[in-house]
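One structure is given below, represented as structure tokens, and several questions about it will come after.
Chain nomenclature is as follows: A, B, C and D, assigned in order of appearance, with residue numbering initiated at 1 for each chain independently.
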Amino acid sequence: MTATLSKTFHFPVQIYYEDTDFSGVVYHPNFLKYFERAREHVIGANVLNQLWQHQQLGFAVYRTDMLCHDGVEFADIIDVRTQFYFESKYRTVWKQEIWRPNASKPAVTATIEMVCMNKKRQLAPMPIDLINTLQQQA
Amino acid sequence: MTATLSKTFHFPVQIYYEDTDFSGVVYHPNFLKYFERAREHVIGANVLNQLWQHQQLGFAVYRTDMLCHDGVEFADIIDVRTQFYFESKYRTVWKQEIWRPNASKPAVTATIEMVCMNKKRQLAPMPIDLINTLQQQA
Amino acid sequence: MTATLSKTFHFPVQIYYEDTDFSGVVYHPNFLKYFERAREHVIGANVLNQLWQHQQLGFAVYRTDMLCHDGVEFADIIDVRTQFYFESKYRTVWKQEIWRPNASKPAVTATIEMVCMNKKRQLAPMPIDLINTLQQQA
Amino acid sequence: MTATLSKTFHFPVQIYYEDTDFSGVVYHPNFLKYFERAREHVIGANVLNQLWQHQQLGFAVYRTDMLCHDGVEFADIIDVRTQFYFESKYRTVWKQEIWRPNASKPAVTATIEMVCMNKKRQLAPMPIDLINTLQQQA
């Protein structure tokens, strides 16, 4: 298990009515949704589903530190950029960014820590298979 | 079990940033959220929680027919008005409305049907206790 | 302007954590979000944005009549099927369905009416250009 | 303008279906919504609305640093505790916590920075009136 940063994964998100608020830009908690969708694509929604159904394990967000540099607007197709590393067998750390089209710097940046937990919400080690799969595609 | 309409229950909802979209008014799917919150207050969130945890029973929305007559704005405190009746021991029907402050007619009106289901999503009769409780406060 | 139903448009939506509730399936108001996303893809998010910014026109949902036949689950990739017709120069009607993978019938069906409005929320006729564009791709 | 922490404001939030996900607890981005609702109650939704409509000023979230210590469940009525201070005439910092009923420590803690902006999303000083009003109730 290496603590080095993975490659950068790219995930596009289109901004719909539901994402904005009356100030005209994306409502800030929604950025955490896009980051989660992007992480689910890195890990695999089916992998997460199997993990939960068959091994009673899931990932819980422990910490999110997010900086909003720029507003994101309706009809934008943003690029969610994701890198991650293993901090321990219990914990992964994700460096994520949101880029608007043709931007020269990210609109939003975040560091997000996730821990592996069982259904009683007790800390649990990630299964070796999952770690291996994630390391291979990293 | 009577099929007559209950009294009208009132439930206030304040409209926050999260409720609006960039057009400046409440994003229409959110009205279904307010209707559900109001129903949960009629039935009791704890009652619903006990029903799910101990009897593996829940209410699923089967049909929603909603008319949006007027926009609802940020900082409004709306009055969600709710009446219901039992259509059968499996099914309740809810007549719900959203009123803006000082309005002479509702901004949104809806008819919502809910069915009682077990965790396998099979139709199940509502427990007698629940029916009695609901009828008493109706 | 013809009142005949358009062809069927297909739009895939992946179900994420954010879409579900503790009962284990998609929270029903979210279906209205998926229907709206699909409509935005038929009309074009950029077209909608231009319409709003330059002509002060938008579409408001006037009525939604939705039937939920079946639960939709985490990690599903659903197919949102959309047909529409013009009821008048002010109003479009949308027949929309949600299909789970390999399903033999839709999980959710809906009829949704949208009206064209200006920023003061007064009824306004759809621009001819928009009607023509929609009719051509229909 | 003092940089000292305000008193603690309390704001109750009931957890509904819409707040949870299929893992059984509150979906983490929703905590940012509750924090925002609580801030809107400290500042006043009508004050925010006037500021936006008449002075073209609003508050944008610049940074959120959130720690999720414990899951929050359906039917919980949480206590959102809020303190704030002025860092400058452009910026306020908010210390916010979520407490479950009868808990001995907070379930979620966060530090949130907000900046005052005009409608072009340029940094703008908070109006003196607003600063005075906030300081008086602090």
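Going forward, a residue touches a chain if its C-beta (ideal position, glycine included) is under 8 Å from a C-beta of that chain, and two chains touch if they have at least 3 such contacts.
What you are looking at is a predicted structure, and each value in this text was computed from that prediction instead of being measured.
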{"item": "Chains touching both chain A and chain D, listed by label", "value": "B, C"}
{"item": "Centroid comparison with chain D (C-alpha atoms), farthest chain", "value": "C"}
{"item": "Angle, in degrees to the nearest 5, of the Cα rotation that carries chain B onto chain C", "value": "180"}
{"item": "Inter-chain centre distance, chain B versus chain C - centres from mean C-alpha coordinates, in Å", "value": "23"}
{"item": "Interchain centroid distance [CA atoms averaged], chain B/chain D, Å", "value": "28"}
{"item": "Gap in Å, rounded to a whole number, between the CA centres of chain B and chain A", "value": "34"}
{"item": "Of all residues in chain C, the ones touching two or more other chains", "value": "17-18, 22-25, 29, 33, 36, 74"}
{"item": "Residues of chain D touching chain B in the complex", "value": "14-18, 33, 36-37, 40, 45-46, 48-49, 74-75"}
{"item": "Chain B - residues contacting chain C, complex", "value": "23-25, 28-30, 32-33, 36, 52, 58, 60-68, 70-71, 119, 121"}
{"item": "Contact footprint of chain C on chain D as seen in their complex", "value": "17-18, 20-25, 27, 29, 73-74"}
